[in-house]
């Protein structure tokens, strides 16, 4: 399958963020969106996720499901972790698994994959920023979606966490998934660059 | 013991006080057991307080 | 055993473990004696048997205010002396105080129905106790609203002290407010004019309920200390390096 | 269905656990109603006459108070993005959130009504009537309030704006809620007519509320 954007134009708050943006990502491929602050990296991801409406152009998935929109085939990992501090680590994950339609079953393997299984019963309020990020990553594993949209995915992670996440992304790509990531830092996997907003 | 025309009021108030006090006692006792159990669980997983004593240690 | 020793939660726990059974026993004995004496007390010539409600109503009403007093002292302990057990004491007392206030209101209303012909009257005393009840609930809500107990403690301490200053004001303002509209209902049982036949069971019951409060309060404080230990341990557990 | 039950369960858990606001609404309701006699005077006959109106106003303000966080909490932690993106229709997700909110914040108001009825000198039948009208009418308050909550998210303003947006919408509910309660108390008018209208309002807002909220969420996200 292939994720394509054609002649995308994004306007926010009356200001044009970017225009005439084209991109295309194939299964098994990762696209790293780079650019200076304010170039529209986050906006591009949110456009693909259907959370913003493009002023012109379109985003489409070719060779995916006909009934589902792009957003419905995608995971979005934003700046905010979508966690409820009052719920336990496990409750947070199993909610998203149920809500996003993941396969029923134990959430513990997914937590083990991100190294949080030993604190599954603790309230999410006790987690550090890096642990919260790991918990959000577990969501990508608990529910399978071909497209991963990642906004600065490694920002809060330590070296071990970044290596772990690189491994998870690698697995995802080998299973035929595709990744679009907005990032400043190297992701630790083979990527194709998409530079937006001109030279830094 | 004759309680007169308002017996039901008297009985109700005593019963209510008894019920609420019993509820308080049960709540506190159940809470105590739960906290104890969780402490033991935590200790079983190898977490100890900085001072090195066990958390359930009462002496 | 001085106050300094009590500052150590571990010492407090060991002391509590020793004292609690005795306190519980004394409470039970006094309650039985008090209930027996109340049952044997003669009927009032005006109120008949309903006077028996007084034996549980008055101790509850007394505790409703006494517990707020305890919480105010604890609040001072939190704010001024930073006593480590002060906010534990304050937090543990609130639900118990609310329960006693609730009982004072309900038994009062059950006593008022035969005497005044209505369950509720916007009378000065009743209304100020009702507001006290609401303040207890507000305090409990405040404790619940903040996850970190030490942060909640300061806010709760300030609210408790403001409430303590506010209570007499409420009492007087309500007096003043209500007498404009209708004469306050007279509580016929003035403390001093009470006959010995009523006074003795009432005092026994009052002491028994006070002991009951102390027992429950110590037990609830113990729970709270354990809860905080669990919280600390869990934070440590969360902070351990992930493998 | 799993997705919706999961959403309802999560919202209920969050509302009832430490830091949740479910019981604050009831406390607010109690306080507002207790304040009323100070304003109108402790005249029991007058309070009895005003009772249904006081209770309805209290319930209205209390449900408004807690609605504020219905979407903003999810917006602030990023959950709302994922809810919008999901395969569950946003209208249904909104309805599920409204149901959870009503269970956590609306039902306790109804449960508290008998106690407050006692304070306002309402007799058993009158209290029952008010509780019944609240049971039929509070869903409408939640569902219309939800529209305001959704708009508040998109405008990045909570609190007071929500009140301004929602209060006019709740006028019909207030009219028929109080009318039905008064009819039941005085017995002069039929209880059935205003009560049916109240139920109809709730049903209509069950359709309008989620659709309008979903629409404003979809168009307002950025």
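Lettered A, B, C and D in written order, each chain numbered from 1.
Basically, contacts are C-beta pairs under 8 Å (C-beta built on N, C-alpha and C of every residue); 3 or more make two chains touch, one makes a residue touch a chain.
Note that the coordinates shown come from a computational prediction; the quantities given were computed from them, not determined experimentally.
Between A-D and A-C, more C-beta contact pairs are found at A-D. For the pair subunit A and subunit D, the distance between C-alpha centroids works out to 36 Å.
Between subunit A and subunit C, the centres computed from C-alpha atoms are 53 Å apart. One simple way to say how far apart two chains are is to compare their mean CA positions; for subunit C and subunit D this gives 33 Å.
Chain contacts: subunit C has residues 147, 234, 237 touching two or more partner chains. Multi-chain contact residues of subunit B, defined as those touching 2 or more other chains: 45.
The multi-chain contact residues of subunit A, meaning those touching 2 or more other chains, are 85-86, 118. Every pair of chains meeting the touch criterion is listed here: A-C, A-D, B-C, C-D.
Chain contact summary for the complex, subunit D toward subunit A: residues 2-3, 5-7, 9-10, 13-14, 17-20, 76-79, 81-88, 221-222. On subunit C, the positions that touch subunit A within their shared complex are 147, 234-235, 237-240, 242-243. On subunit C, the positions that touch subunit D within their shared complex are 109, 118-123, 127, 130-131, 134, 137-138, 141, 144-147, 177-178, 181-182.
Subunit C meets subunit B in the complex at residues 10, 13-14, 17, 39, 43, 48-50, 52-53, 56-57, 60, 95-96, 99, 102-103, 106-107, 110-111, 113-114, 212, 216, 219-220, 222-223, 226-227, 229-230, 232-234, 236-237.
Those residues of subunit B that touch subunit C in the complex are listed here as 1-7, 9-10, 12-14, 16-17, 20-21, 23-25, 28-29, 31-32, 35-36, 38-39, 42, 45, 47, 49, 53, 55, 57-59.
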